[in-house]
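Here the structure comes first, spelled out in structure tokens, and everything after it is commentary.
Chain IDs A, B and C follow the sequence of writing; residue 1 opens each chain.
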């Protein structure tokens, strides 16, 4: 099998032709990020998209957000509904302001993709306000505690503060993680990328540990995620993530 | 008393009508961030504004910065002078570049509010270059050491590096924290939000501890701040702040 | 010798006239950041530029990025080639998306500087795709391990994960740190600023330690870097950097 060139991989991933590379950054971007990272088969393209979208949205760089949203939609790797669901998940872990910008870009790039295809713009996805009953508060807390444990593999905190009560159990696990639009595995990729970008040690360790120990993300995939995130959020964040992965994996071994 | 709807709370906080919510993010933003966070009475709207402005300015999301600056000015919860003073405080803790953008937005939104009200734009607030004598260097260091202790409740560092001498004692505590435009309590809210957004453990612990141990921010308010910041800067940052609050509060208990 | 005023220093550093300062932020920016930080002789202007460009690019604030790129080029403190090389180094440590924006600004400001000087725009620097043979993969890993040790002063990691193999040894030390466009000392300034902005403790400690223990950056310069970065990325990040410097320096002492 012929090995794909960096340009070919760029074209496959981004769905448009690579720009001429005339600076050290551009040459390295093409040869390293496309030629040596996106080209690796050990992590799927769909998962790489979830991680990349998280990283570029967290980084606030206008053009990369546009390009990667366009590529994700244009390639069909992520549907519009999935991307909108990922925005909400991202909002919770990296904050609503950055999510607001990301969603605006998705709206525009979706319209662009539809137009390029000569489609009459499809109607915007219908939403179902009743999904998971966000207004059923008390039941949400109880169910939130169960889902907290399913996701995090540790007992739920006592909901004795606004953060743990109205935030973590009432909303994050009482609603968000139960939504049907993305699988738990998908949400793990977005979450691990979010906490790695934020790099506060405790959430980083906790989400890396549960992603690995649950088996939702394999060690090989997680190792690829470390490299992928290092490119998009920098090797400083990557090193912190790598350390968390090694620690979590060592603990997984000692539990076996 | 009738419970306010999410839409009503949005309107009260943002001072304009909520946009139609058609995506998971928009629905959740309205129902969770307005319906379940801004609606809570345990932290005042003014304090929530100081925290929110810090979070959106740190997050660099263009439209949320515009919207929250407009809302803060339009509501009258913060005066123009107070917001400009908050920009300076934010600059010191989150860096001058982001502050520069925030201040540009404040200028534009102030003009917009004045215009909407049919006011001839008021003259821009006069400034007093002599305030606190920023050029009286040696006295600033000595007084800075006193204010350092008043604010942080620990002895001032020996000013034997540029950071501690020209930075911390000479400027941050020798000038900034003494400025009259915001109360010490107000500065605590901005500072805690800033260090939580940055989430370096040592400044986070130090400012959370002094805010609580001084009594300037109550435990109940701090718990609300954790939830509020989790929404605007994400639950990863929120979790790190929550941990710092729990630690500081446990130490407060053992000191009693 | 007459002491330069803040306005004079602003003009020297930024290569344009200071705007009128009418807010607390603007007055303090001029008097503190220019009057008290850029004015200090203990760290060179060229090094301050490398640190500043890193900080403003990481902070995503549009106008400060423009202003500092323009000033760096216009002053001649950094050549176009050096700045483009710094973009690549920044990309690796703070992520490619932010670097992409920075490089776009450099293109535009370079054109502006050339136009202001009445130059026919010089041809864009030629690039040499063969430099350091980025495609010679196996040799890159071996040489990468050597350079890892030269830079970090500790043994190279076993390349048993994608991050350490394709990332750290294959690319970061197998290619990036060997590129000729910037000296190792220059790369240290960019790297320390990058890891301080990201403030993940492990990379922060590691790069601060090797910068000091190698002698590439003196303790006095590093102390200045702490103050300079505190202004541009905020005192929360600055405090984390300061702690890392103190720890590394104490260890340097005990090794002597």
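The definition used in the following text is that contacts are C-beta pairs under 8 Å (C-beta built on N, C-alpha and C of every residue); 3 or more make two chains touch, one makes a residue touch a chain.
Values in this document were obtained by computation on a predicted structure and should not be read as measured data.
The chains that touch chain A as well as chain C are B. After Cα superposition, the angle needed to carry chain B onto chain C is 120 degrees, rounded to a multiple of 5.
Per-chain CA centroids place chain A at a distance of 29 Å from chain B. Of all residues in chain C, those touching 2 or more other chains are 60, 199, 201, listed in ascending order. Chain A meets chain C in the complex at residues 21-29, 31-33, 36-37, 40, 42, 55-56, 59-65, 199, 201, 223-224, 226-227, 230-240, 242-243.
Taken in their complex, chain B has these residues touching chain C: 60, 84-85, 87-88, 91-101, 103-104, 124-125, 127, 129, 134-135, 161-164, 166-168, 170-172, 175-176, 179, 181, 194-195, 198-204, 206.
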